[in-house]
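Look at the two complexes coming up: subunit A is in both, with subunit B in one and subunit C in the other.
Entry: the complex of A and B
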């Protein structure tokens, strides 16, 4: 009987994840975090559907003053996504009419500063040299 | 912050941080405390000990007393009733001690936010070293956060025991923080 147990154990192999050594594949439906694609986002045209859908106010719209190329001050909408508040429910992804928000399977979210958990995009009305009409602010990890 | 400190202080802080990470890097004892959680985070933390995630293979262990602990794992939206017990737990821990906020609630208040009964995150009570977002964070997110606190998050190669310095000095070890 002990032999059959041993054989069964050997056949099962190691089930423990190899996570910190190797990345783990997540299921396609896994809701890691919502990722904001500022290029598609319509917040500059006055859309606020994701902000309305967000329960813990992780998504917020503010009006900021940004200086354009002609150095005059403009007001521009700023969309901020705070992963520290987000509950990864996916309601913003369902509400987005432009597919600017999508759920990605990223699970390495921890950060040493709460400011680093915040990503934002300012939607200036005019395009800059590279043809962008938005300005993203994040620490590069949540792009 | 970095500009206001002179170079010698900054170097001393970095050395101290490296020393702490070397001491705790492969043997970390964790005390978990619930500061008003819904128990979803607890369910995920409990999963760290199952045979699949098994954080004991990474040299991390849970203890039942803060006096034996190197790291305080705080969950929950920081209710006013738990402020004093949380402070006492932190004070009972020996130096050096790390504080990790687990879940959206402990990070910022999450879905509860700030109210008459909750303070909205533990940031105002304790110096938090690592924020782990998510509601609840998956066990893999928790493992990443714990490794980040120890400066081991970049460690990818098998048998690679190098201590990778995190880009940011831990707030706990930053003088004047």
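Entry: the complex of A and C
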């Protein structure tokens, strides 16, 4: 009987993948992390639909003080997406009226600092030199 | 399903004046009211005259609208294809009832949970102690009372741990867990041995209590499946299905036929990867390394197909109240067909090899016997119950989704040993493949989702599903604003863990324990929502 198992095992060969040396491709439908496209986001215009749709409060809106080009301080809405709280359910994507959120295949979210898992965008209401009316904050991993 | 008015008159006749009221509360559901002190007698009558199977016991705080508490027992009347609720209204100041443990041993843990979480006392309970809450939980704080909110901070007190009397001379206590190697969840066993023989075991579970029932109160309808899916990840689809079916019954909405068929398909895919993983784990326990790898390969194929279909390897996010969140195209269905072909071919070979492997069989035969009378007394469910002569399967006895429209067999064995539990799962795997083939051959077209209106206030509903580990029940009561006022979950593992302890002492040696544990294949988180 041991021989039968041995034969079976040898015939199967090696199926172990080369991850993490080689990337493991996920199917198109796979829900990794949600990615935020601040350019499309309407949080600056008072939209909070994704925040309402988020059960674990991974998405949150806050009001922050930012200094504009004239150096005067004024308040601006800040949308924060915390991958440490996200459960990848995709309900925010369905709720977004502007297609600013979409699920991407990226599932490699391990990090040694919880701050690294937060991305946010501050909507300054006025365009800077490059024409952008928002400032993105993240550690560069989630471009 | 039999006419419920005939059932009501039989109930009135059998229970006599102990019955305060009997009525039909929904299609296939009958409710009777009894006085709390008459409960033990009524339960005995129901079990004797109606062969009623106990499935759940829970309490409900009726305040502030009404006074006092309501104790609800749920029974399954399989022959009549009906659910029977027994209600007993309890006093607000000193809520109590006569313990049912003597007449119904399975009620033990349920009564302890009611006592601990609602503050309702089962009189003459043989061992009234905390069950699921943390050891430092303060006395007199009852999470199931209407004044308690899930956001509430609870100040811990000096923890009280259960201490076993020291082992007598010649007896050795062997602690196992709660932290163990691999990806096993937390659970602590204290194995008491005399030489090699296992003479007793004390079980400490409930390290994973998350208060899910409480968390679901007041949550928006579309968020509820997210909560149900997290009761036990490996039964996520069955749990969200039971919840969605309860919501759909409350709203009196029928889901489109295509959604019913696809739900059946996905439920069987969940059973497949669970049963394949079960065989792999059991082979690991018996040291059959190649067989373990072979079953794990098949399980991984199942999980990858799930990711392709649902976008999630464990089928999260598929069920929504009113149907499914997405439809499948022909390509996706073709991928299912291909996997079924592979599994059918491989399972035949692997089953044959496995059953012919003497080293594997030797470890399983006569090991961890759960006697049919114990399985019945503790109302064991699922493959564990079916391996010990409990001929029940919700898919056949209370058909849901599209199970009434497919043909399948329910394997039942009487021996109750680890071998029987393995054999049942091997047979069920083949039956699942048979069901999936039929579904793929007769899949109707059309929509997979129908929106639900706001739920009617005060409406109660039951949803159920046969998860890979056995029956799970979700009962809910709708509050004023269309959200849930009370959510009750009875998982398969909660029912089976009580029976697990009975399979240990008497005929096993210490090294049998990993095999027995794997052969039950119970979920820790599943028992502890």
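Note that the second predicted complex is superposed on the first by the 130 of 143 C-alpha atoms of A that agree within 3 Å, B and C clash if a C-alpha of one lies under 4 Å from a C-alpha of the other, contacts with A are read in each partner's own complex, and residues count from 1 in each chain.
The rule is simple: a residue touches a chain if its C-beta (ideal position, glycine included) is under 8 Å from a C-beta of that chain, and two chains touch if they have at least 3 such contacts.
In this text, all values refer to a predicted model and were calculated from it rather than measured experimentally.
Peer 1: Quick check for you: in the superposed arrangement, does A:104 touch first (subunit B), second (subunit C), both or neither?
Peer 2: A:104 sits against neither subunit B nor subunit C.
Peer 1: Given the touch rule stated above, what does A:90 touch, subunit B (first), subunit C (second), both, or neither?
Peer 2: Touch status of A:90: second partner only.
Peer 1: Could you tell me if A:21 is touching subunit B, subunit C, both of them or neither one (first, second, both, neither)?
Peer 2: After superposition on chain A, A:21 lies in contact with subunit B alone.
Peer 1: Look at A:62 in the shared chain and tell me whether it touches subunit B only, subunit C only, both, or neither; answer first, second, both or neither.
Peer 2: neither
Peer 1: Regarding the shared-chain residue A:5, is it in contact with subunit B (first), subunit C (second), both, or neither?
Peer 2: Second partner only, subunit C.
Peer 1: After lining up the shared chain so the two structures overlap, which partner does A:29 touch, if you call subunit B first and subunit C second: first, second, both or neither?
Peer 2: In the superposed model, A:29 contacts subunit C only, not subunit B.
Peer 1: Quick one: subunit B or subunit C, who's touching more of subunit A?
Peer 2: After superposing on chain A, more of subunit A is contacted by B.
Peer 1: Share the list of subunit A residues that count as touching for subunit B in one structure and for subunit C in the other.
Peer 2: On subunit A, the residues that contact subunit B in one structure and subunit C in the other are 15, 30, 55, 87-89.
Peer 1: Mind listing the subunit A positions that touch subunit C in their complex?
Peer 2: Residue positions touching the partner: 1, 4-6, 8-9, 12, 15, 26-27, 29-31, 55, 87-91, 103.
Peer 1: Write out the stretch or stretches of subunit A touching subunit B in their complex.
Peer 2: 15-17, 19-22, 24, 30, 33, 55-58, 82-89, 107-114, 117
Peer 1: Quick check: in the complex, which residue numbers of subunit B touch subunit A?
Peer 2: Result: residues 51-54, 57-58, 104, 107-111, 113, 121, 123, 128-135, 137-138, 140-141, 143-145, 147-149, 152-153, 155-158, 166, 168, 170-171 of subunit B touch subunit A.
Peer 1: Show which residues of subunit C lie in contact with subunit A when the two form their complex.
Peer 2: Its residues touching subunit A are 219, 222-223, 226-227, 288, 290-291, 293-294, 297, 304, 307-312, 316-317, 349, 353, 356-359.
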